[in-house]
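Dropping a structure here in structure tokens format, bear with me for questions.
Naming follows writing order (A, B, C and D), and every chain is counted from residue 1.
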Amino acid sequence: MSEDQGVTDQGPKQVTGGEFDGWTHWPHDPFESRSGPFYYREEADGSVVSAFRAEPRHMNGGGFMHGGCLMTFADFALFAISTKELDGSHAVTLTLSGDFLDPAYAGQLMEARGEVTRAGGKTIFVRGLITGDGKPVFAFNGIIRKIRKG
Amino acid sequence: MSEDQGVTDQGPKQVTGGEFDGWTHWPHDPFESRSGPFYYREEADGSVVSAFRAEPRHMNGGGFMHGGCLMTFADFALFAISTKELDGSHAVTLTLSGDFLDPAYAGQLMEARGEVTRAGGKTIFVRGLITGDGKPVFAFNGIIRKIRKG
Amino acid sequence: MSEDQGVTDQGPKQVTGGEFDGWTHWPHDPFESRSGPFYYREEADGSVVSAFRAEPRHMNGGGFMHGGCLMTFADFALFAISTKELDGSHAVTLTLSGDFLDPAYAGQLMEARGEVTRAGGKTIFVRGLITGDGKPVFAFNGIIRKIRKG
Amino acid sequence: MSEDQGVTDQGPKQVTGGEFDGWTHWPHDPFESRSGPFYYREEADGSVVSAFRAEPRHMNGGGFMHGGCLMTFADFALFAISTKELDGSHAVTLTLSGDFLDPAYAGQLMEARGEVTRAGGKTIFVRGLITGDGKPVFAFNGIIRKIRKG
């Protein structure tokens, strides 16, 4: 189980100022805040996009983005993409997988978009794509499971 | 592609002092150093074990280890487990997937062990298991690919 | 490695007659012919769709489509979706994964659509979705690798 | 969802005669019977092994075993490996993934072995390895979920 993001009093907050002014993030998640922070917002068409700006601290020894950074962002995006289906419920990640398509570099705008391929009971299936300045970088799939109402 | 850990002059270094005295790590990987750092060493039986000590900064908002932290450590472990097969070559991760079996907590000794299920050409298949104080926490699979001699 | 579908003199053939009149299939693949056969064709928009009609012999003991049938069809679809990128080359599957979203039943029209998320060298990343009478049933991801020109 | 193998009156049966005399199989699963049939038995150490003999009908157009055949056998093995944890319950596959390590050929004894990496509630995590005449051919992971008592 990877996340439990609907903790009472520690839920999502809107950001004020900066590049992601008006976007939402999770301020009470130590690893995520330190890795990102990552942000999400609902688009005009009802879909949810997640984003952050790549910095040198997100890179690996080869000078491109670390796979762990992409997977941390993908784990965040699983929950952002499922915002409507979660409807405030707590949930945990059962499984997460991803394909490394192309390198991403410092300075790029990283975005994650995707879709819930199945929800109904407590099990939510998600797939998504992370892009760097619009170019596909990482394709991911995950299953999250609601554990109780927040 | 996620990693390229055999960069000349920026290769693995042995740690001196502390809990992981004598273990090896990658000091020139910004995201990994910041997430971990993570360490590995060869055991008496020739297998390679990776490890780090879980701290509050590795946790998520629910108080247990963030999935992204586990996946970052797993990505590190893919390369550690493949040390012999890589034989100094550069490599990148093609795909990484994992199942979240049980939560891990701050204070636990995190270890990753695994095996190369296939190597021969440039494509190396790895599977492994991360434990927290010896209990299974995360089962992972990955494929890495050698790109050139370091 | 799972497939090698571009064998000389044993390549794809167009079907004449029946529900899939004008579609293409692989007549020289014993397991696939026996499981399916499965068919594909290029659509007006340039994308490739794969299809077959679900029959009782594709079902499991519970009366809905066997997971192995869906994965066999997905493995077929990986190559159909990559038709342009393969350009006649032989290829093998490195990895294939899939999420079982909802059951499919005998009588349904099964279709697989998808996209190449990355191609360039010899490694081709694909993701797709199988539907039964238009409803999502199975989401899959795979990596195939060209091995030589057919 | 891929399987539901504990159907009343249609459960597992012991085979009499032939290479797999005394082994257990599922006689009421149309796709599986036609693909295999596949067999399993408990070993002296309490682990469960699944097996079948590779025939020309299991091969692809390249003359080695079709990926779909391996994944169908892996889906069977998920349930065989989980025999104790299922304890007669019905279950469905949520996700299944696998790496194609090396080709398998007609005439080989195919075996699948593995372990439950986590069980407790209704969600069972499994990983395993298929071998052909003892050589690793396919590494797989899956998650199954109990749906009700059979």
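As a convention for this text, contacts are C-beta pairs under 8 Å (C-beta built on N, C-alpha and C of every residue); 3 or more make two chains touch, one makes a residue touch a chain.
As the structure is a prediction and not an experimental result, all values here were calculated from the model.
Using the mean of the Cα atoms as each chain's centre, the chain most removed from chain D is A.
Taking B-C and A-C together, the pair of chains sharing more C-beta contacts is A-C.
Distance from the chain A centre to the chain B centre is 22 Å, each centre being the mean of its Cα atoms.
Remark: chain B and chain C have CA centroids separated by 35 Å (rounded to whole angstrom). In whole angstrom, the spacing between the mean C-alpha positions of chain A and chain C is 30. Looking at chain C, residues 94-95, 97, 99, 102, 143 sit in touch with two or more other chains. Chain B makes touch with chain A in their complex at residues 1-5, 7, 10, 26, 28-32, 34-35, 56-73, 75-76, 90, 92-100, 102-103.
Residues 97, 99, 101-102, 117-118, 125, 127, 129, 136, 139, 141, 143 of chain B are the ones that touch chain D when the two sit in their complex. On the chain D side of its complex with chain A, the touching residues are 94-95, 97, 123, 143, 145.
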